[in-house]
Amino acid sequence: MSKYLVLQTDFGLSDGAVSAMHGVAYTVSNEIVVQDLTHDIPPYDIWAASYRLLQTVSYWPKGTVFVSVVDPGVGSDRRSIVCKTKSGHFIITPDNGTLTHIAHFQGIDEVRVINEVVSRLPHSEESHTFHGRDIYAYNGARLACGEVSFNELGEIVSCETVEKLEIEKSSIKNGIISGNIDVLDIRFGSLWTNIPLSLVKENHIVHGDYLQVSIYHGTKRVYQNIVKFSKSFADVNIGEPLVYVNSLVNIGVAVNQDSFSRLYHIGTGIDWKMELRKAAKIIFE
Amino acid sequence: MSKYLVLQTDFGLSDGAVSAMHGVAYTVSNEIVVQDLTHDIPPYDIWAASYRLLQTVSYWPKGTVFVSVVDPGVGSDRRSIVCKTKSGHFIITPDNGTLTHIAHFQGIDEVRVINEVVSRLPHSEESHTFHGRDIYAYNGARLACGEVSFNELGEIVSCETVEKLEIEKSSIKNGIISGNIDVLDIRFGSLWTNIPLSLVKENHIVHGDYLQVSIYHGTKRVYQNIVKFSKSFADVNIGEPLVYVNSLVNIGVAVNQDSFSRLYHIGTGIDWKMELRKAAKIIFE
Amino acid sequence: MSKYLVLQTDFGLSDGAVSAMHGVAYTVSNEIVVQDLTHDIPPYDIWAASYRLLQTVSYWPKGTVFVSVVDPGVGSDRRSIVCKTKSGHFIITPDNGTLTHIAHFQGIDEVRVINEVVSRLPHSEESHTFHGRDIYAYNGARLACGEVSFNELGEIVSCETVEKLEIEKSSIKNGIISGNIDVLDIRFGSLWTNIPLSLVKENHIVHGDYLQVSIYHGTKRVYQNIVKFSKSFADVNIGEPLVYVNSLVNIGVAVNQDSFSRLYHIGTGIDWKMELRKAAKIIFE
């Protein structure tokens, strides 16, 4: 049975860093399969690292070990941790907020702290700046191949002690659904919110309905339009906006074959909010 | 024996989408090897997707399953199809023109239509926008590992019904070879035409001959020069243009260690034509 | 036991070239694992190719076969060679300087010349421009899977005949340590020198010391500052420069969470030198 180790970093693929991580993992064991989530997390962007884990982890076989290294605090006293998720996957990462979305939306069963002095690539003591290779890939491979068990990797600590970033919650008030614009679908320029389809359904909004979409940057409204809640991009004309259900079953907005983000200068993060309101009646002449 | 599944998309590698596809495939079977063609097809560029399959498919072991997802019509009534090529490979793709080059230059044996409602990742019904994960990677893995046979994947349809883009044919008239500039060698700026080496040979052009190269954008001639038909880049000086035989055994033009495309502002597609004429005699003083 | 083939090129990943190389390798053998070092070497940059091998090779299992194709002279009479390194790895590459760093810092045991006419992908004779696929990936796979032995790959030649780029040596004089700025940590903008930690230690410089860092472009001094020799990035404030030990146990300079290279317009290569001098005493008020 194959055992998977999946790596995520902000290192890019233009030098040898990621390949050295793969090499270390395969040196630990030639019975594992080493794969990549992405290595294009914007430098130091812990929020993005956390979100991309949410987008990906549950689609891999149970038991898969993920290593995520977006680590602005490398060499500080931030902890290295390994967690077991409720979905049956493992994640090894600096304890800096990278587990925020997984903890919130999928749940964590148990967390352990890795001893960076003992559990590291032999003869790597002189370099203190490449924990991705010397600690994370190394221990990820040991866990993936069964050389160490989850329990042996470190002392258990309370899940409550895990560092978390602030997460906005979606809500509804007076028929207006409010949420946060969490992340950009980079390649296509679509915007993904934290509003789950379930919240939309509860408010009797169905595919084909027209919604008033308002977007706020801080307190300033920067976009407002009537947009069709569409099953998929092909339901609207090329160049036309749509509200849709994204691959995480949350609400997104897009423009068919163009970039909503670029066209309307919309960003992502806790300063960017979206409101949805069902249009009672639209008369097309 | 290893069984290969090779993925191509226009999703990029900066988020978790492609890794989720890999994960779905490995969840179907841990006996397959999942690999990538490219995920950097320009968004919605079906022509490029079709061309990159031609460039790659036949170099993989027979029986390899390719999944190509450049799908501007996701959610429309465009079909999902699987084909068996004459070279003994399988390709699963939206039926939108992605099979154009393979069908034209290598040939297709049989095509079947996949039922998107029945044959999809369990519990993926709510998302209608990520067929790459929910339908294509999922069915690609099932076919690669043998969970379903080609015949079981769907009802057979005529190869004639497969959607195809317009393809220009190269030709010769009055000693002038005409062809289309099909695609850019992105990294090096060389231009690849649809003129096969065989057509050049039939007209008694051999390495070392000098050719008049004319390039037209629509009806306007935008480049003309005498260029040596070279065996390889090292046959000309750095910065000098050459005509050469590319890795698909078609005619290309390049500049040694520079970008022909950028230097002379030459693009690709059906508006860009090239003519080659053998220079009868060149006297170098 | 898995057998690894690791590919490096300057081809990028945006077309089908690298995937065709993978396919050729898997067609040779389905018992090998094909992996990537990087395909983002700047076009024709042999120095970078050489450096990235140094950064990576020794972290892979002994016996791993590396193929590096940065080949401005494809089709010239430059040789194709395979070497066995002192670390027990194999590298197949055009003989154009790609082995410079490995030969200098890790050592080469034996070199053999590959006959490009005999040892090439069957039926690939018409294309003279894609040796990466037709010669390098093909022979790399044959060596990795054991179809041919190292000895059978070609005639032995003296290690002295291997092409090498000029390498600067670090030195010390009057308490000033001098070195070259070899390469950029692309993603983070840090600069890596050829000054080994050992040279710094010999001169009784320890973590926490303050160093005068001077950077020269040719003969012109373009940067000078007092910088802390830090164990890791977290030892200085965000935005503050540091001297540190990089993942190859050489001296680097960086700015915590910013780009030293971009902030101070510092490049890499033989025109860029750095001097380090220990600050005798610094009084902070």
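As written, the chain order gives the labels A, B and C, with residue 1 at the start of each chain.
We take it that a residue touches a chain if its C-beta (ideal position, glycine included) is under 8 Å from a C-beta of that chain, and two chains touch if they have at least 3 such contacts.
Model, not experiment: these values are computed from the prediction.
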- Task: Enter the angle, 0 to 180° in steps of 5, of the rotation superposing CA atoms of chain A on those of chain B.
- Result: 120
- Message: Same or different interface residues for chain A and chain C, judged by whether over half of the residue numbers are used by both?
- Response: different
- For chain A and chain C, let me know how many angstrom lie between their CA-based centres, rounded off. 32
- For chain C, jot down the residues that touch at least 2 other chains. none
- chain B residues touching chain A - in the complex, by the definition given at the top: 10-20, 22-24, 26-27, 30-31, 34, 43-44, 72-76, 78, 126-130, 133-134
- Residues of chain B touching chain C in the complex: 1-2, 4, 6, 33, 35-40, 52-53, 55-56, 59-61, 64, 185-188, 197, 231-235, 244-249, 252, 257
